[in-house]
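For reference, the structure I am asking about is given below.
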Amino acid sequence: MTFLTDRPLDLAPLVARVMSPERGGVACFLGVVRDHHEGRTVKRLEYSAYEAMAEAECARVVAEAEAKWEASVALEHRIGRLEIGDVAVAIAAAAAHRDAAFMACRYVIEQVKRRVPLWKREDYADGSQAWVTPRPARPTVERPADATSDAPPVSEHVSHTDWGV
Amino acid sequence: MTFLTDRPLDLAPLVARVMSPERGGVACFLGVVRDHHEGRTVKRLEYSAYEAMAEAECARVVAEAEAKWEASVALEHRIGRLEIGDVAVAIAAAAAHRDAAFMACRYVIEQVKRRVPLWKREDYADGSQAWVTPRPARPTVERPADATSDAPPVSEHVSHTDWGV
Amino acid sequence: MTISAASTVTVRVLLFASYAEAAGQTSFTLTLPAPATVASVLRLLRSQASDARLPERPLCAVNLAHARLDAPVASGDEIAILPPLAGG
Amino acid sequence: MTISAASTVTVRVLLFASYAEAAGQTSFTLTLPAPATVASVLRLLRSQASDARLPERPLCAVNLAHARLDAPVASGDEIAILPPLAGG
(Lines give C-alpha, C1' and ligand atoms only; values in the text may rest on other atoms or scores of the structure.)
Protein backbone atom coordinates (compact mmCIF):
# COMPACT_ATOMS: atom_id res chain seq x y z
CA MET A 1 0.00 0.00 0.00
CA THR A 2 1.26 3.45 -0.92
CA PHE A 3 -1.32 5.85 0.51
CA LEU A 4 -3.09 3.64 3.05
CA THR A 5 -1.42 2.23 6.14
CA ASP A 6 -2.52 0.48 9.31
CA ARG A 7 0.47 1.90 11.21
CA PRO A 8 0.58 5.20 13.13
CA LEU A 9 1.17 8.18 10.84
CA ASP A 10 4.22 10.39 11.13
CA LEU A 11 4.37 13.74 9.34
CA ALA A 12 8.17 14.07 9.34
CA PRO A 13 8.92 11.52 6.58
CA LEU A 14 6.19 13.03 4.40
CA VAL A 15 7.73 16.48 4.80
CA ALA A 16 11.16 15.05 4.03
CA ARG A 17 9.84 13.51 0.82
CA VAL A 18 8.47 16.80 -0.58
CA MET A 19 11.03 19.34 0.68
CA SER A 20 13.68 20.57 -1.74
CA PRO A 21 15.78 23.71 -2.28
CA GLU A 22 13.56 24.91 -5.16
CA ARG A 23 10.47 24.77 -2.98
CA GLY A 24 10.22 27.62 -0.50
CA GLY A 25 6.96 26.61 1.16
CA VAL A 26 5.64 23.40 2.67
CA ALA A 27 2.02 23.28 3.85
CA CYS A 28 0.87 20.29 5.88
CA PHE A 29 -2.36 18.97 7.29
CA LEU A 30 -3.12 16.39 9.96
CA GLY A 31 -6.61 15.07 10.60
CA VAL A 32 -6.92 14.00 14.22
CA VAL A 33 -9.48 11.64 15.78
CA ARG A 34 -11.73 13.82 17.94
CA ASP A 35 -13.28 12.76 21.22
CA HIS A 36 -16.70 14.07 20.24
CA HIS A 37 -18.93 13.72 17.18
CA GLU A 38 -22.27 15.50 16.98
CA GLY A 39 -22.57 15.68 20.75
CA ARG A 40 -21.63 12.05 21.48
CA THR A 41 -18.48 10.94 23.28
CA VAL A 42 -16.32 8.85 20.97
CA LYS A 43 -14.16 6.09 22.53
CA ARG A 44 -12.41 4.88 19.39
CA LEU A 45 -13.11 4.26 15.74
CA GLU A 46 -12.30 2.05 12.82
CA TYR A 47 -11.57 3.17 9.26
CA SER A 48 -12.21 0.72 6.46
CA ALA A 49 -11.49 1.22 2.77
CA TYR A 50 -12.14 -0.10 -0.69
CA GLU A 51 -8.41 -0.44 -0.75
CA ALA A 52 -7.65 -0.84 -4.46
CA MET A 53 -9.85 2.10 -5.41
CA ALA A 54 -8.68 4.22 -2.47
CA GLU A 55 -5.09 3.78 -3.61
CA ALA A 56 -6.03 4.68 -7.19
CA GLU A 57 -8.11 7.69 -6.12
CA CYS A 58 -5.38 8.99 -3.79
CA ALA A 59 -2.91 8.73 -6.66
CA ARG A 60 -5.25 10.75 -8.90
CA VAL A 61 -5.81 13.44 -6.25
CA VAL A 62 -2.07 13.79 -5.61
CA ALA A 63 -1.29 13.92 -9.35
CA GLU A 64 -3.93 16.62 -9.88
CA ALA A 65 -2.56 18.76 -7.04
CA GLU A 66 1.02 18.34 -8.22
CA ALA A 67 0.12 19.30 -11.78
CA LYS A 68 -2.09 22.27 -10.92
CA TRP A 69 0.29 23.91 -8.43
CA GLU A 70 3.68 22.57 -9.64
CA ALA A 71 3.90 20.99 -6.22
CA SER A 72 5.31 17.88 -4.65
CA VAL A 73 2.69 16.16 -2.52
CA ALA A 74 2.81 13.32 0.01
CA LEU A 75 -0.36 11.75 1.42
CA GLU A 76 -1.08 8.95 3.86
CA HIS A 77 -4.39 7.80 5.33
CA ARG A 78 -4.57 5.40 8.20
CA ILE A 79 -7.04 2.50 8.24
CA GLY A 80 -8.04 0.00 10.93
CA ARG A 81 -8.58 0.75 14.59
CA LEU A 82 -7.71 4.28 15.79
CA GLU A 83 -7.77 5.79 19.25
CA ILE A 84 -8.74 9.33 20.25
CA GLY A 85 -5.97 11.76 19.31
CA ASP A 86 -4.52 9.47 16.65
CA VAL A 87 -3.70 10.98 13.27
CA ALA A 88 -6.07 9.69 10.57
CA VAL A 89 -4.65 11.53 7.58
CA ALA A 90 -1.37 13.32 6.93
CA ILE A 91 -0.56 15.56 3.96
CA ALA A 92 2.54 17.53 3.02
CA ALA A 93 2.61 19.79 -0.05
CA ALA A 94 5.71 21.69 -1.12
CA ALA A 95 5.79 24.36 -3.82
CA ALA A 96 7.96 27.26 -4.91
CA HIS A 97 5.80 29.70 -2.95
CA ARG A 98 3.50 29.42 0.03
CA ASP A 99 0.31 30.27 -1.80
CA ALA A 100 0.64 27.24 -4.07
CA ALA A 101 1.70 25.03 -1.17
CA PHE A 102 -1.38 25.96 0.87
CA MET A 103 -3.74 25.56 -2.07
CA ALA A 104 -2.31 22.16 -3.02
CA CYS A 105 -2.56 20.93 0.58
CA ARG A 106 -6.12 22.19 0.94
CA TYR A 107 -7.11 20.66 -2.37
CA VAL A 108 -5.83 17.25 -1.33
CA ILE A 109 -7.71 17.07 1.98
CA GLU A 110 -10.95 18.32 0.37
CA GLN A 111 -10.70 15.81 -2.45
CA VAL A 112 -9.75 12.94 -0.13
CA LYS A 113 -12.93 13.61 1.81
CA ARG A 114 -15.05 13.86 -1.33
CA ARG A 115 -13.61 11.07 -3.43
CA VAL A 116 -11.55 8.44 -1.62
CA PRO A 117 -13.62 5.37 -0.61
CA LEU A 118 -13.06 5.28 3.14
CA TRP A 119 -15.58 4.67 5.90
CA LYS A 120 -15.51 5.31 9.61
CA ARG A 121 -17.36 3.39 12.31
CA GLU A 122 -17.33 5.09 15.71
CA ASP A 123 -17.61 3.38 19.09
CA TYR A 124 -19.39 5.60 21.62
CA ALA A 125 -19.11 5.83 25.39
CA ASP A 126 -22.54 4.22 25.77
CA GLY A 127 -21.37 1.05 23.97
CA SER A 128 -23.18 1.77 20.70
CA GLN A 129 -21.58 2.03 17.27
CA ALA A 130 -22.44 3.96 14.14
CA TRP A 131 -21.16 4.48 10.64
CA VAL A 132 -20.32 8.15 10.25
CA THR A 133 -22.33 9.94 7.58
CA PRO A 134 -20.69 13.24 6.78
CA ARG A 135 -22.81 16.31 6.34
CA PRO A 136 -22.94 17.75 2.81
CA ALA A 137 -19.55 18.93 1.67
CA ARG A 138 -18.91 22.64 1.36
CA PRO A 139 -15.86 22.70 -0.86
CA THR A 140 -13.86 25.89 -0.44
CA VAL A 141 -11.22 25.29 -3.07
CA GLU A 142 -11.58 25.32 -6.78
CA ARG A 143 -11.10 22.00 -8.55
CA PRO A 144 -8.83 21.57 -11.54
CA ALA A 145 -10.79 21.46 -14.79
CA ASP A 146 -9.34 18.07 -15.67
CA ALA A 147 -10.56 16.51 -12.42
CA THR A 148 -14.28 16.89 -12.97
CA SER A 149 -14.62 13.65 -14.90
CA ASP A 150 -13.26 11.59 -12.00
CA ALA A 151 -15.92 12.40 -9.46
CA PRO A 152 -19.66 12.68 -9.58
CA PRO A 153 -21.33 15.84 -8.32
CA VAL A 154 -21.33 16.39 -4.57
CA SER A 155 -25.05 15.67 -4.40
CA GLU A 156 -24.40 12.03 -5.27
CA HIS A 157 -21.81 11.71 -2.49
CA VAL A 158 -23.92 12.74 0.41
CA SER A 159 -27.03 10.65 0.33
CA HIS A 160 -28.21 10.37 3.91
CA THR A 161 -30.45 7.42 3.11
CA ASP A 162 -28.17 4.54 3.93
CA TRP A 163 -28.96 1.20 2.42
CA GLY A 164 -30.99 -0.61 5.06
CA VAL A 165 -28.99 0.84 7.97
CA MET B 1 13.65 33.39 23.47
CA THR B 2 10.21 31.92 22.84
CA PHE B 3 9.59 32.43 19.14
CA LEU B 4 13.10 33.05 17.85
CA THR B 5 15.83 30.45 17.91
CA ASP B 6 19.28 30.05 16.43
CA ARG B 7 18.92 26.24 16.37
CA PRO B 8 17.51 24.11 13.53
CA LEU B 9 13.70 24.06 13.54
CA ASP B 10 11.73 20.87 14.00
CA LEU B 11 8.00 20.78 13.24
CA ALA B 12 7.19 17.73 15.40
CA PRO B 13 7.38 19.42 18.84
CA LEU B 14 5.26 22.32 17.55
CA VAL B 15 2.59 19.89 16.34
CA ALA B 16 2.74 18.05 19.67
CA ARG B 17 2.17 21.32 21.53
CA VAL B 18 -1.03 22.21 19.66
CA MET B 19 -2.62 18.79 19.10
CA SER B 20 -5.44 17.71 21.40
CA PRO B 21 -8.52 15.48 21.25
CA GLU B 22 -10.89 18.44 20.86
CA ARG B 23 -9.01 19.69 17.81
CA GLY B 24 -9.67 17.66 14.68
CA GLY B 25 -7.41 19.57 12.30
CA VAL B 26 -3.78 20.69 12.41
CA ALA B 27 -2.46 22.88 9.60
CA CYS B 28 1.28 23.52 9.42
CA PHE B 29 3.64 25.63 7.40
CA LEU B 30 7.38 25.49 6.86
CA GLY B 31 9.30 28.24 5.09
CA VAL B 32 12.40 26.78 3.46
CA VAL B 33 15.56 28.61 2.33
CA ARG B 34 15.51 28.52 -1.47
CA ASP B 35 18.56 28.22 -3.68
CA HIS B 36 17.44 31.06 -5.94
CA HIS B 37 16.16 34.59 -5.40
CA GLU B 38 15.14 36.78 -8.32
CA GLY B 39 17.36 34.87 -10.71
CA ARG B 40 20.48 34.78 -8.52
CA THR B 41 21.98 31.65 -7.00
CA VAL B 42 21.90 31.87 -3.22
CA LYS B 43 24.67 30.12 -1.27
CA ARG B 44 23.45 30.83 2.27
CA LEU B 45 21.81 33.60 4.23
CA GLU B 46 21.62 35.25 7.59
CA TYR B 47 18.49 36.31 9.44
CA SER B 48 18.76 39.10 11.99
CA ALA B 49 16.05 40.45 14.24
CA TYR B 50 15.04 43.27 16.51
CA GLU B 51 14.73 40.48 19.02
CA ALA B 52 12.65 42.05 21.80
CA MET B 53 10.11 43.44 19.36
CA ALA B 54 10.09 40.28 17.23
CA GLU B 55 9.21 38.25 20.31
CA ALA B 56 6.46 40.70 21.25
CA GLU B 57 5.06 40.85 17.73
CA CYS B 58 5.09 37.05 17.34
CA ALA B 59 3.19 36.79 20.62
CA ARG B 60 0.59 39.27 19.33
CA VAL B 61 0.18 37.47 16.01
CA VAL B 62 -0.23 34.10 17.74
CA ALA B 63 -2.73 35.52 20.23
CA GLU B 64 -4.77 37.09 17.43
CA ALA B 65 -4.93 33.83 15.48
CA GLU B 66 -5.82 31.81 18.58
CA ALA B 67 -8.63 34.23 19.49
CA LYS B 68 -10.09 34.61 16.02
CA TRP B 69 -10.21 30.89 15.16
CA GLU B 70 -10.37 29.33 18.63
CA ALA B 71 -7.10 27.69 17.72
CA SER B 72 -3.91 26.62 19.42
CA VAL B 73 -0.89 27.99 17.55
CA ALA B 74 2.84 27.31 17.79
CA LEU B 75 5.38 29.45 15.92
CA GLU B 76 9.15 29.47 15.67
CA HIS B 77 11.43 31.56 13.47
CA ARG B 78 15.08 30.81 13.06
CA ILE B 79 17.70 33.56 13.15
CA GLY B 80 21.43 33.56 12.40
CA ARG B 81 23.19 31.74 9.58
CA LEU B 82 21.02 29.37 7.49
CA GLU B 83 21.99 27.06 4.67
CA ILE B 84 19.98 26.23 1.54
CA GLY B 85 17.12 23.87 2.41
CA ASP B 86 17.05 24.89 6.07
CA VAL B 87 13.70 25.69 7.63
CA ALA B 88 13.42 29.42 8.43
CA VAL B 89 9.94 29.44 9.97
CA ALA B 90 7.67 26.70 11.34
CA ILE B 91 4.00 27.09 12.26
CA ALA B 92 1.44 24.61 13.59
CA ALA B 93 -2.21 25.61 14.12
CA ALA B 94 -4.80 23.24 15.57
CA ALA B 95 -8.53 23.90 15.66
CA ALA B 96 -11.76 21.97 15.98
CA HIS B 97 -12.15 21.86 12.21
CA ARG B 98 -9.78 22.09 9.27
CA ASP B 99 -11.11 25.34 7.89
CA ALA B 100 -10.17 27.23 11.06
CA ALA B 101 -6.82 25.42 11.29
CA PHE B 102 -5.86 26.41 7.73
CA MET B 103 -7.00 30.00 8.19
CA ALA B 104 -5.14 30.41 11.49
CA CYS B 105 -1.96 28.96 9.98
CA ARG B 106 -2.21 31.16 6.91
CA TYR B 107 -2.89 34.23 9.02
CA VAL B 108 0.22 33.64 11.10
CA ILE B 109 2.64 33.33 8.18
CA GLU B 110 1.17 36.37 6.42
CA GLN B 111 1.36 38.49 9.56
CA VAL B 112 4.88 37.27 10.42
CA LYS B 113 6.00 38.47 7.00
CA ARG B 114 4.18 41.79 7.36
CA ARG B 115 4.89 42.68 10.95
CA VAL B 116 7.75 40.81 12.65
CA PRO B 117 11.04 42.77 12.51
CA LEU B 118 13.31 40.27 10.79
CA TRP B 119 15.84 40.89 8.03
CA LYS B 120 17.59 38.57 5.63
CA ARG B 121 20.99 39.07 4.04
CA GLU B 122 21.74 36.67 1.21
CA ASP B 123 25.19 35.49 0.09
CA TYR B 124 25.28 34.83 -3.66
CA ALA B 125 27.34 32.45 -5.73
CA ASP B 126 29.34 35.39 -7.16
CA GLY B 127 30.51 36.40 -3.67
CA SER B 128 28.23 39.42 -3.34
CA GLN B 129 25.70 39.99 -0.57
CA ALA B 130 22.40 41.84 -0.40
CA TRP B 131 19.68 42.65 2.08
CA VAL B 132 16.48 41.15 0.76
CA THR B 133 13.74 43.67 0.03
CA PRO B 134 10.46 41.87 -0.34
CA ARG B 135 8.11 42.85 -3.09
CA PRO B 136 4.84 44.48 -2.00
CA ALA B 137 2.74 42.09 0.08
CA ARG B 138 -0.43 40.72 -1.43
CA PRO B 139 -2.29 39.55 1.68
CA THR B 140 -4.81 36.85 0.87
CA VAL B 141 -6.33 36.46 4.33
CA GLU B 142 -8.51 38.84 6.18
CA ARG B 143 -7.09 40.43 9.32
CA PRO B 144 -8.91 40.47 12.63
CA ALA B 145 -10.46 43.84 13.33
CA ASP B 146 -8.54 44.17 16.58
CA ALA B 147 -5.19 43.74 14.83
CA THR B 148 -5.29 46.80 12.64
CA SER B 149 -3.90 49.12 15.26
CA ASP B 150 -0.73 47.06 15.63
CA ALA B 151 0.59 47.45 12.13
CA PRO B 152 0.82 50.33 9.74
CA PRO B 153 -0.65 49.99 6.25
CA VAL B 154 1.19 47.69 3.86
CA SER B 155 2.44 50.65 1.83
CA GLU B 156 4.64 51.73 4.73
CA HIS B 157 6.23 48.26 4.91
CA VAL B 158 7.45 48.00 1.42
CA SER B 159 9.47 51.07 0.75
CA HIS B 160 12.07 50.10 -1.84
CA THR B 161 14.17 53.16 -1.07
CA ASP B 162 16.56 51.76 1.49
CA TRP B 163 18.33 54.18 3.72
CA GLY B 164 21.61 54.87 2.01
CA VAL B 165 22.02 51.29 0.76
CA MET C 1 -36.62 -13.17 -27.23
CA THR C 2 -34.13 -15.42 -25.39
CA ILE C 3 -30.98 -13.91 -24.02
CA SER C 4 -27.92 -15.57 -25.55
CA ALA C 5 -24.52 -15.66 -23.85
CA ALA C 6 -23.29 -12.88 -26.15
CA SER C 7 -26.08 -10.56 -25.12
CA THR C 8 -25.55 -10.76 -21.36
CA VAL C 9 -23.13 -8.96 -19.11
CA THR C 10 -21.63 -10.58 -16.01
CA VAL C 11 -20.11 -8.22 -13.43
CA ARG C 12 -18.68 -8.48 -9.96
CA VAL C 13 -20.48 -6.30 -7.39
CA LEU C 14 -18.72 -5.09 -4.23
CA LEU C 15 -20.42 -3.75 -1.12
CA PHE C 16 -18.73 -1.87 1.72
CA ALA C 17 -19.25 -0.67 5.27
CA SER C 18 -22.94 -0.11 6.11
CA TYR C 19 -24.11 -1.51 2.76
CA ALA C 20 -22.16 -4.74 3.29
CA GLU C 21 -23.51 -5.08 6.82
CA ALA C 22 -27.07 -4.52 5.63
CA ALA C 23 -26.77 -6.97 2.75
CA GLY C 24 -24.85 -9.55 4.79
CA GLN C 25 -22.28 -9.91 2.01
CA THR C 26 -19.37 -8.00 0.55
CA SER C 27 -19.25 -9.29 -3.02
CA PHE C 28 -21.20 -11.35 -5.50
CA THR C 29 -21.67 -11.83 -9.22
CA LEU C 30 -24.58 -10.52 -11.27
CA THR C 31 -25.58 -11.35 -14.81
CA LEU C 32 -27.87 -8.98 -16.65
CA PRO C 33 -28.99 -8.29 -20.22
CA ALA C 34 -26.73 -6.27 -22.50
CA PRO C 35 -26.35 -3.37 -22.90
CA ALA C 36 -26.03 -2.68 -19.18
CA THR C 37 -25.29 0.42 -17.16
CA VAL C 38 -24.57 1.12 -13.50
CA ALA C 39 -28.25 2.01 -13.20
CA SER C 40 -29.38 -1.39 -14.54
CA VAL C 41 -27.06 -3.12 -12.04
CA LEU C 42 -28.75 -1.13 -9.26
CA ARG C 43 -32.22 -1.98 -10.60
CA LEU C 44 -31.44 -5.71 -10.58
CA LEU C 45 -29.95 -5.44 -7.07
CA ARG C 46 -33.05 -3.72 -5.75
CA SER C 47 -35.30 -6.41 -7.25
CA GLN C 48 -33.22 -9.19 -5.64
CA ALA C 49 -32.54 -7.78 -2.17
CA SER C 50 -35.87 -7.98 -0.46
CA ASP C 51 -34.97 -6.12 2.73
CA ALA C 52 -32.18 -3.89 1.44
CA ARG C 53 -32.94 -0.26 0.71
CA LEU C 54 -30.42 1.53 -1.49
CA PRO C 55 -30.56 5.32 -1.72
CA GLU C 56 -32.02 6.60 -4.97
CA ARG C 57 -28.65 7.61 -6.37
CA PRO C 58 -25.90 5.82 -4.47
CA LEU C 59 -22.27 6.63 -5.13
CA CYS C 60 -20.88 3.97 -7.49
CA ALA C 61 -17.56 3.04 -9.01
CA VAL C 62 -16.61 0.98 -12.05
CA ASN C 63 -13.13 -0.56 -12.16
CA LEU C 64 -11.73 1.57 -9.30
CA ALA C 65 -13.03 4.92 -10.57
CA HIS C 66 -16.13 6.92 -9.69
CA ALA C 67 -18.84 6.42 -12.32
CA ARG C 68 -22.13 8.07 -13.16
CA LEU C 69 -25.29 6.01 -13.07
CA ASP C 70 -25.55 6.05 -16.86
CA ALA C 71 -22.01 4.69 -17.29
CA PRO C 72 -21.96 1.48 -19.36
CA VAL C 73 -20.72 -1.74 -17.75
CA ALA C 74 -19.16 -4.69 -19.56
CA SER C 75 -18.50 -8.29 -18.63
CA GLY C 76 -15.67 -8.58 -16.14
CA ASP C 77 -16.20 -5.09 -14.73
CA GLU C 78 -15.98 -4.52 -10.97
CA ILE C 79 -18.95 -2.45 -9.79
CA ALA C 80 -18.69 -0.99 -6.31
CA ILE C 81 -21.61 0.56 -4.43
CA LEU C 82 -20.23 3.05 -1.94
CA PRO C 83 -21.89 4.31 1.22
CA PRO C 84 -21.33 8.02 1.98
CA LEU C 85 -17.58 8.53 2.17
CA ALA C 86 -16.07 9.42 5.54
CA GLY C 87 -12.31 9.63 5.04
CA GLY C 88 -10.04 12.42 6.11
CA MET D 1 12.95 80.88 23.68
CA THR D 2 15.32 78.54 25.51
CA ILE D 3 14.37 74.92 25.86
CA SER D 4 14.20 73.88 29.51
CA ALA D 5 14.78 70.30 30.69
CA ALA D 6 11.06 69.82 31.16
CA SER D 7 10.31 70.75 27.58
CA THR D 8 12.67 68.26 25.92
CA VAL D 9 12.28 64.60 25.13
CA THR D 10 15.20 62.17 25.18
CA VAL D 11 14.72 58.90 23.35
CA ARG D 12 16.85 55.92 22.40
CA VAL D 13 16.95 55.27 18.65
CA LEU D 14 17.70 51.80 17.26
CA LEU D 15 18.79 51.02 13.72
CA PHE D 16 18.83 47.58 12.11
CA ALA D 17 20.15 45.65 9.13
CA SER D 18 20.75 47.89 6.09
CA TYR D 19 19.96 51.08 8.04
CA ALA D 20 22.51 50.21 10.73
CA GLU D 21 25.13 49.42 8.08
CA ALA D 22 24.48 52.69 6.26
CA ALA D 23 24.60 54.76 9.44
CA GLY D 24 27.56 52.88 10.92
CA GLN D 25 25.76 52.53 14.25
CA THR D 26 22.98 50.52 15.78
CA SER D 27 21.77 52.77 18.57
CA PHE D 28 22.15 56.28 19.93
CA THR D 29 20.31 58.84 22.04
CA LEU D 30 18.46 61.85 20.66
CA THR D 31 17.10 64.84 22.54
CA LEU D 32 14.45 66.96 20.85
CA PRO D 33 11.89 69.61 21.81
CA ALA D 34 8.61 68.48 23.38
CA PRO D 35 6.04 67.58 22.24
CA ALA D 36 7.73 65.05 19.94
CA THR D 37 6.44 62.46 17.51
CA VAL D 38 8.04 59.68 15.49
CA ALA D 39 8.04 62.12 12.59
CA SER D 40 10.01 64.73 14.55
CA VAL D 41 12.58 62.06 15.50
CA LEU D 42 12.95 61.25 11.79
CA ARG D 43 13.30 64.95 10.91
CA LEU D 44 16.09 65.40 13.44
CA LEU D 45 17.81 62.23 12.22
CA ARG D 46 17.74 63.44 8.61
CA SER D 47 19.21 66.79 9.61
CA GLN D 48 22.06 65.12 11.50
CA ALA D 49 23.03 62.26 9.17
CA SER D 50 24.62 63.99 6.23
CA ASP D 51 25.02 60.99 3.95
CA ALA D 52 22.14 58.84 5.15
CA ARG D 53 19.00 58.75 3.08
CA LEU D 54 15.90 57.48 4.88
CA PRO D 55 12.82 56.57 2.83
CA GLU D 56 10.05 59.14 3.04
CA ARG D 57 7.92 57.01 5.35
CA PRO D 58 10.07 54.33 6.97
CA LEU D 59 8.52 51.62 9.10
CA CYS D 60 8.93 52.66 12.75
CA ALA D 61 8.27 51.16 16.16
CA VAL D 62 7.89 52.71 19.60
CA ASN D 63 8.54 50.53 22.63
CA LEU D 64 8.41 47.22 20.71
CA ALA D 65 5.22 47.95 18.77
CA HIS D 66 4.64 49.33 15.27
CA ALA D 67 3.79 53.01 15.37
CA ARG D 68 2.47 55.56 12.91
CA LEU D 69 4.57 58.57 12.08
CA ASP D 70 2.26 60.86 14.05
CA ALA D 71 2.55 58.75 17.21
CA PRO D 72 3.79 60.80 20.20
CA VAL D 73 7.11 59.86 21.81
CA ALA D 74 8.10 60.51 25.43
CA SER D 75 11.37 60.54 27.31
CA GLY D 76 12.71 57.02 27.77
CA ASP D 77 10.92 55.64 24.73
CA GLU D 78 12.75 53.24 22.43
CA ILE D 79 12.26 54.31 18.79
CA ALA D 80 13.24 51.74 16.17
CA ILE D 81 13.58 52.52 12.48
CA LEU D 82 12.99 49.33 10.55
CA PRO D 83 14.16 48.50 7.02
CA PRO D 84 11.65 46.56 4.90
CA LEU D 85 10.86 43.38 6.79
CA ALA D 86 11.99 40.06 5.30
CA GLY D 87 10.98 37.35 7.74
CA GLY D 88 9.11 34.14 6.96
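Order of writing sets the labels: A, B, C and D. Residues in every chain begin at 1.
Keep in mind that, in the parts below, a contact is a pair of C-beta atoms (placed from the backbone, for glycine too) under 8 Å apart; a residue touches a chain by one contact, two chains touch by 3 or more.
Given the structure is predicted, the values throughout are model-derived calculations rather than measurements.
Distances between chain centres, each the mean of the C-alpha atoms, put D farthest from chain C. Chain B and chain D have Cα centroids lying 25 Å from one another. Centroid to centroid, with C-alpha atoms defining each point, chain B and chain C lie 51 Å apart. Per-chain Cα centroids separate chain C from chain D by 75 Å. Within chain B, residues 31, 109 each touch two or more of the remaining chains. For chain D, no residue reaches two or more other chains under the stated contact definition. Contacts between chains trace an open chain of neighbours here, each touching only the next in line. Under the contact rule stated at the top, the pairs of chains that touch are A-B, A-C, B-D. Residues 11-12, 15, 19-36, 84-85, 94, 96, 98-99, 101-102, 105-106, 109, 140 of chain B touch chain A in their complex.
Chain D contributes residues 14, 16-19, 21-23, 51-59, 61, 64-68, 80-88 to its touches with chain B in the complex.
The touching residues of chain A, counted against chain C in their complex, run 31, 47-50, 52-54, 56-57, 77, 88-89, 109, 112-121, 131-134, 150-152, 155-165.
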